[in-house]
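We call the chains A, B and C, going by the order they appear; numbering starts again at 1 in every chain.
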């Protein structure tokens, strides 16, 4: 156990420290190296992508990327993706977090059933549900709108929102809230002043999930948007039949915005020690 | 908090765009063809440039079908024109497609007849055609068996050729599209069976079919075992995982266009009952829910114009279905595939087959049956006779249920095609 | 507000939402599973379960989940404890470890195929280091174990971050005083992990496990990219029925079978990791 190292004296301690650092570095490499390969292939000429053995240093050929730069509709699709993902984020937290709180704080008849229903939604494949949903959307005029697609993506993201906020609310002692009540807070003010700051990182976590789920969802996006195509529907579903170098470049283009988003919100996610270490 | 601000911004933008999606007069071209990003781009910029306001959107089969069915069920929709393979259309209810008589016509009576889908009217208009051919890297040519003519190979020579390469390099270099999206079933239906049994359905479980599957096993023994991942052989030709390949002309095109001097295209091999081969037909149709019927028909008519057909050829490597003089400056892939197909259909032992017709919604199951036969016999190593006898009943059920009569090269039948 | 009504008010929005956008289409689709055109029938279930590929896909799906999920849980726990001990560079390390969150399964399939294919990066590396003379075929039907390993690795790479984030958030909520008290009594780090971290992490653990297990039963895109037709899984069969064989009834039947398996495992996990009533955390 690498964490054990800090307590042992002398050399063992030092050795443990090295093992610990080595493990961290190794795990980072495990995540990054496959992405680095994607980068190499993105920045390679078509010949290099097909060559063997592969070079491990990119040759900075921007041909594949510039193909997509000239691709009509990329920017609109990018904008649509961001709008849909943003709406999904807001809606899934707005309706998911209260339910997570209810699950963690109250015992009420039907609680188990409710939890199963929430889980059910993730255990059934969306491509099968897309047909009745599309019929419903066409009839109601939700079809081909960012809002309509966001509704479907929220269905996918809301179980994450409920369960993550549930487990985090459960981690906050009820005594904390009770103490606030005795100090004159109402349930609402106790919630906003005591619980909410504690839970913020968890909410950010579920926001990230919601964003990423929406960002990466292809099937519903392909079926339910026409004029307002998302980037993923626009690119990804046609990548597998495309030449290799474009496959990689397209994949790269899809991955980057998601990484930037996670990077942008990471401080909310990771600020939790500052708040939680009470 | 800046997060809050950005969320507000996103919401505002979303509201604006959600309300702004007003109706436009564009014709939505909903297609399963020309999917690769480059082809889709060429469709938009070249093929459809003169067709007015057309929004070309290629899709995977799943979303394509789901959206189409949703619009048909809802009774209204935005799809103006459908582009798909004959098989996709024949799986649909002809009542869902608008009759297109008089809008346009292909030059082939056979194709026009297929496009009626068993009714009296044109349900779709044949749009473009292709076929399956062989391609090889020039590195493979020195290993050709002695006396073999690459333009008139037999299956035995092909197996020997791939065997020579395997012996010399230690690697099996024949590439076969057995991947998840590979078109392997067409090889069995249009190539192997006609070449060995002179039939597809009638002869499914014949003794000649047993020989055919034995040959398939021999071929598989010299086939790159990673073929179960191959769906577009141009990739493996380019990266050298395959030196000889069988695939759809448009799925080999990338190799010829990228390195025209490195590859040769040639006809499919022949067996005891001739050189079996089969066409691929894509068509354009209009669903009954199309918002602007006249505009849709104009797009369909545009697709059949000679100059559009040539632009389509350049964009997708699918050949015209109308009579048109091919110019000399076509892309290398088109030239290579064109001459291979011409040699194949002009060969003395040519045994052309037709696409399965009349199977309706059971078309998928029909193809699945051939794929499963391959998986059990070749990959699973199960007894050929046993598998064929078991699958024979399922095949007969499919034919009876759909009522499909035999198609070439099977001898014609009254009523459902019998499995003998 | 009345505490007896309050919870219902809180779950009302999500319930209404899911009834409209999940339950309604779900009921419509499920009906198909029980009909073949005329009345109620179980024929679709009989058909799909008697198909020769069904037991193979079921076995593959279960084996893959059994190989991947426990490993991911251990890895995510290890990573979460490592990161919670970190003083410098915690943000960066955690960011790197959560990167795969943002990568869709389709993109992950593309990335890992580039590594494992015959002319891919793994073979390039091995031949560069002189281990092999010529590129090996790693994803062929002759080496099913390698195919399985490749799929499992790609899944572990792609989907461990989900558990990591949930666990890290959960660990962050464990009061520091517990550890300080334990240290005073001289508890070893391992003891502190098993006696404090693990029990107090139960809600997060069960959430992470349940979500991961459910998603593991729906695995498809990565498997298709790496395993091709060699490694059929249940979700692939579902799509085959729906979109290739145009048999919505059978597709719905397999999807319902997956759903049942998921429910069974969910109940099992929730039972095993339940926080006893009355116990405070």
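The rule is simple: a contact is a pair of C-beta atoms (placed from the backbone, for glycine too) under 8 Å apart; a residue touches a chain by one contact, two chains touch by 3 or more.
The shown structure was predicted, so the numbers you read here are calculated from the model rather than taken from an experiment.
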Fill in the blank from the handout: Greatest Cα-centre separation from chain C belongs to chain B
Completion exercise
Two candidates, A-C and A-B; the one with more touching C-beta pairs is A-C
Handout entry: Centre distance in Å when chain A and chain B are each reduced to the mean of their C-alpha atoms
Key = 37
Problem - Distance between chain centroids, defined by C-alpha means - chain A, chain C (Å) - result: 14
Completion exercise
Expected list for chain C, residues touching two or more other chains, is 119, 239, 242-243
Fill in the blank from the handout: Expected list for chain A, residues touching two or more other chains, is 50-52, 127, 131, 239-240
Completion exercise
Multi-chain touching residues of chain B, meaning two or more other chains, are 62, 239-240
Handout entry: Sites on chain B touched by chain C in the complex
Key = 61-62, 65, 91, 170-171, 178-180, 182, 224-226, 228-230, 239-241, 361, 364-365, 367-368, 372, 375-376, 379
Exercise for the section: Would you pull the chain C residues touching chain A in the complex into a rising list? Expected result: 1, 3-4, 6-8, 10-11, 13-15, 17-18, 21-26, 28-29, 79, 81-82, 84-86, 90-91, 93-107, 110-112, 114-115, 119-121, 123-125, 127-128, 135, 157, 162, 165-166, 168-170, 172-176, 188-190, 193, 200, 203-204, 206-207, 210-211, 214-215, 217-218, 235, 238-239, 242-243, 248, 251-252, 255, 258-259, 262-263, 266, 270, 275, 280-281
Handout entry: Contact footprint of chain B on chain A as seen in their complex
Key = 46, 50-52, 67-68, 71-72, 79-80, 82-84, 86-87, 89-90, 127, 130-131, 134-135, 137-139, 143-147, 150, 204, 219, 222-223, 226-229, 233, 235, 237-244, 246, 250, 265, 268
Handout entry: Residues on chain B engaged by chain A in the complex (per definition of touch)
Key = 3, 7, 10-11, 13-14, 17-18, 21, 24, 26, 28, 35-38, 40-41, 44-45, 55, 57-60, 62-63, 66-67, 69-71, 73-74, 76-78, 181, 231-232, 234-235, 238-240, 254, 258
Handout entry: Residues of chain A defined as touching chain C within the complex
Key = 1-4, 6-7, 20, 23-24, 27-28, 30-32, 34-35, 37-38, 41, 50-54, 56, 94-96, 98-99, 101-106, 108, 111, 114-125, 127-129, 131-133, 136, 151-152, 154-155, 158-160, 162-164, 166-168, 170-175, 187, 198, 201-202, 205, 208-209, 212, 215-216, 218, 232, 236, 239-240, 247-248, 251, 254-255, 258-259, 261-263, 266-267, 269-270, 272-273, 276-278
